[in-house]
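Just passing along the structure, written as structure tokens.
Letters A, B and C mark the chains as written, and numbering starts fresh at 1 in each.
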Amino acid sequence: MTDIPSENAMISVRDLRVSFGSGAELVHAVDGVSFNVQPGETYGLVGESGCGKSTILRALCGLNPNWSGDVTIGGEAMTPVRTRSFYRRVQMVFQDPYGSLHPRHTVNTTLTEPLKIHGIGDADERITRVLVQVGLGPAFRYRYPHQLSGGQRQRLAIARALILEPQVLLLDEPTSALDVSVQAEILNLLVDLRERLGLTCILVSHDLAVVAHMCDRLGVMNAGKMLEELPVSALEDDSPSHPYTRQLLAASLGYDRRLASTAVEDIEG
Amino acid sequence: MSDNSSTLRGWLRAEVTTSPRHAALQRFYFGWLRLKGNPLALFGLSVLLFLIVVAILAPVIAPVGFNDQSLTRRLLPPSAEHWFGTDELGRDVFSRIVWGSRITLYISCLVAIIAAPVGLAVGTTAGYFGGWTDTVLMRVNDIFLSFPGLILALAFVAALGPGIENAVIAIALTAWPPIARLARAETLTVRSSDYIAAVRIQGASPARIILKHIVPMCIPSVVVRITLNMAGIILTAAGLGFLGLGAQPPLPEWGAMLSTGRQSMLQAWWLAAIPGLAILTTSLAFNLFGDGLRDVLDPRSE
Amino acid sequence: MNQTPQLLVEDLHVRFRTPQRMVHAVRGVSFSVGREKVGIVGESGSGKSQTGRAILKLTPPNGTVSAKRLQFQELDIAGASEREMLKVRGSRISMIMQDPKYALDPVMRVGAQIAEAIPESPRTSAAEKRDKVMAMLEAVHIRNPARVHDLYPHEVSGGMGQRIMIAMMLMADPDLLIADEPTSALDVTVRMQVLAILDDLVTRRGLGLIFISHDLNLVATFCDRVLIMYAGRIVEECAAADLQNAKHPYTRGLLASLPRIGSRHQKLAVLNRDPAWLND
């Protein structure tokens, strides 16, 4: 399924399975997914809602301990319960900037919290540094989230993820909840940061254009299974092989009246 | 002078906050502005502030002590000399009401200070951990909830003996379960949010998550709830006093005054009506203020 | 495509009174809609949704609507009373919204809800109503209408829910449809199917459609004409096919800032908001 050797990979996932519920309501959210991510690479996970892409991220970052399979990050095999040092190496940016920041904490508190948890000193210097890195000036330091715009909140979420200086950044639809005009700023910021800091990233999105912009390789998922892995250049050349990928690619270009008449006949009842 | 106040207001409304204290004060200021827009809440607040002032200045305001008896001046109706008349032992009712405000405030504040943290602790723990912890804690909660407040308080006071302190403990034991329920419900909502997930993947311990991240989200509703329950707390205290199980004579607890006033109600209406009105006004003030507080503190409106 | 305008909007203003200040959501918007697909594109706060609601007089109670002219066919909407609007809504102008989960009654079966949309008529028997509902379910390409007729809203998928909304909307045979982000909550492949149905129905019945969305690309490929809104004003109006030649800097900036397949090694052009756009 994957052509990258796993020994050198930063992230190596083998036969990952995550299920919810039991008995008649058992759902295989992730059903035997395998992929590798090279150091410094940005890997995309694309699929529609319910395909399991976000579930994979949550299992990787330690939010969900109910997974099975082999996961290796930075050469270290993962157990369901993570060590505290793990959280310094892997961090995540969430989708909804309105929900991922504590409404009662100022920017300062939000950024100090991870430092306090890990007993890291020189908080002041680190906070100023990371705020500059994400393009928020010192004026923002004591504001509350409701005083920030969507783009500013997402910058803060990125700052929070980066303040522990992780090697791996997991991005769960980082621009889906933002206005279109703000999306470009955040994407540029992410590209810039990952180059400067040498981050390895996994980007989850339903938007093929965003994935194609940020990633080098991507995996296409549907109903918990990985259907196809391909380099982004294949999208650019319009040469993906799996019909589902072709469907996603066509849909990402907008509405097409010629395809529409055939689509109408194919609809499930 | 006007310069000072405009710079203060300017500082409070500043776009850029310069320190945690500045940010906190700004939030308090905006909350206060919101409260000002609610006349009923403001009325409730002013009544409560008035009550506090009266309680603090009781020695100054009350013309005589609460136990100064004068058997020749028994059961006198309200007059210029005795604003609220005198009771069956010739004591000035006005002075007793004023001194009694201290007792009312003492009981209600102590109950709030005990019940709120206990309720918060139980509710957030149950909500966050779920599973067996939740089941056990909530069943204990249910046991307390299933008794009517006054009956439960009665039972405890009967076991512990009459007196103010025991009354406070007894009422607090009946006041914490609804707070725990509320805190648990808030925790269940908050627990699945992304900002809690974010702090979990920073490696925070459950204790830290509950104390620093979940409790602050529960505090507004708990504060509102306790304020609205104050009326009930005061009435339960009055009820206990009425039954002779709360503050003991000669302490001028309003409920106890209501009880003794009952006997002379037909000849001396003021002995029952005045303490009753005091209880009514205080409860109403707490209710109105609590309602206004809800609008101010609701995090969703931010 | 018949271009005689059905809907004429001239200098529409929508204002809201909030405790803090007055919000001017729609500032002097003018446009017309014939029997064609018109897209209104804007970001959050642009006023596009409020424009749609103002046409049907569904503005929230703390808002005021004023317009020099708000006319639908022969009816003057600006001056119409609520009673007159009740006869318009649903039967002559219909609206479909973003999330069918919130627009459908959760305790009523799908078939019954669609039947409710049939204009009242004493001569229609229950059997005739059911036939009409079945016919409509088939028209939106639901393959097993008898089964779907008896389902509850929570038992149908998003795409099917939206098709049911379309069925309800078309039941009374309206002349104009207003769709407010009808496909934003749907998966991309389902979206295309639902749009195909909408396209088909609008063309066959000769309806007018106002398609409100934040997705510029989608609107440009689906609609005939596009109106771009920014801060309560229409800043650009052009044929959908002509969008690449858009003149207003906001539109050009927006188009340039979109990531595309192939934009991988370029920095995306960030939209620079010129305060002058607010005063146009």
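Basically, contacts are C-beta pairs under 8 Å (C-beta built on N, C-alpha and C of every residue); 3 or more make two chains touch, one makes a residue touch a chain.
Just so it is clear, the model here is predicted, and its values are computed rather than measured.
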item: Topology of the chain contact graph, where touching chains are joined (line, ring, star, complete, other); value: line
item: Most distant chain from chain A by Cα centroid; value: B
item: Distance between the centres, which are taken as Cα means, of chain C and chain A, whole angstrom; value: 32
item: Separation of mean Cα positions, chain C and chain B [Å, integer]; value: 51
item: Centroid distance [mean C-alpha coordinates] between chain B and chain A, Å; value: 47
item: Interface residues, chain B side, partner chain A - complex; value: 15-20, 22-23, 27, 193-195, 197-204, 208, 212-213, 216-217, 299, 302
item: Contact footprint of chain C on chain A as seen in their complex; value: 48-49, 179-181, 183-185, 187-188, 191, 206, 208-210, 212-214, 232, 235-236, 247-257, 259-261, 263-269
item: Interface residues, chain A side, partner chain B - complex; value: 61-63, 82, 84, 86-88, 90-92, 94-96, 99-106, 108-109, 113-114, 117-118, 139, 141-144, 146, 157, 160, 164
item: Contacting residues of chain C [partner chain A, same complex]; value: 43-44, 141-145, 147-148, 187-193, 195-197, 199-200, 214-218, 220-222, 253-254, 257-264, 267-271, 273
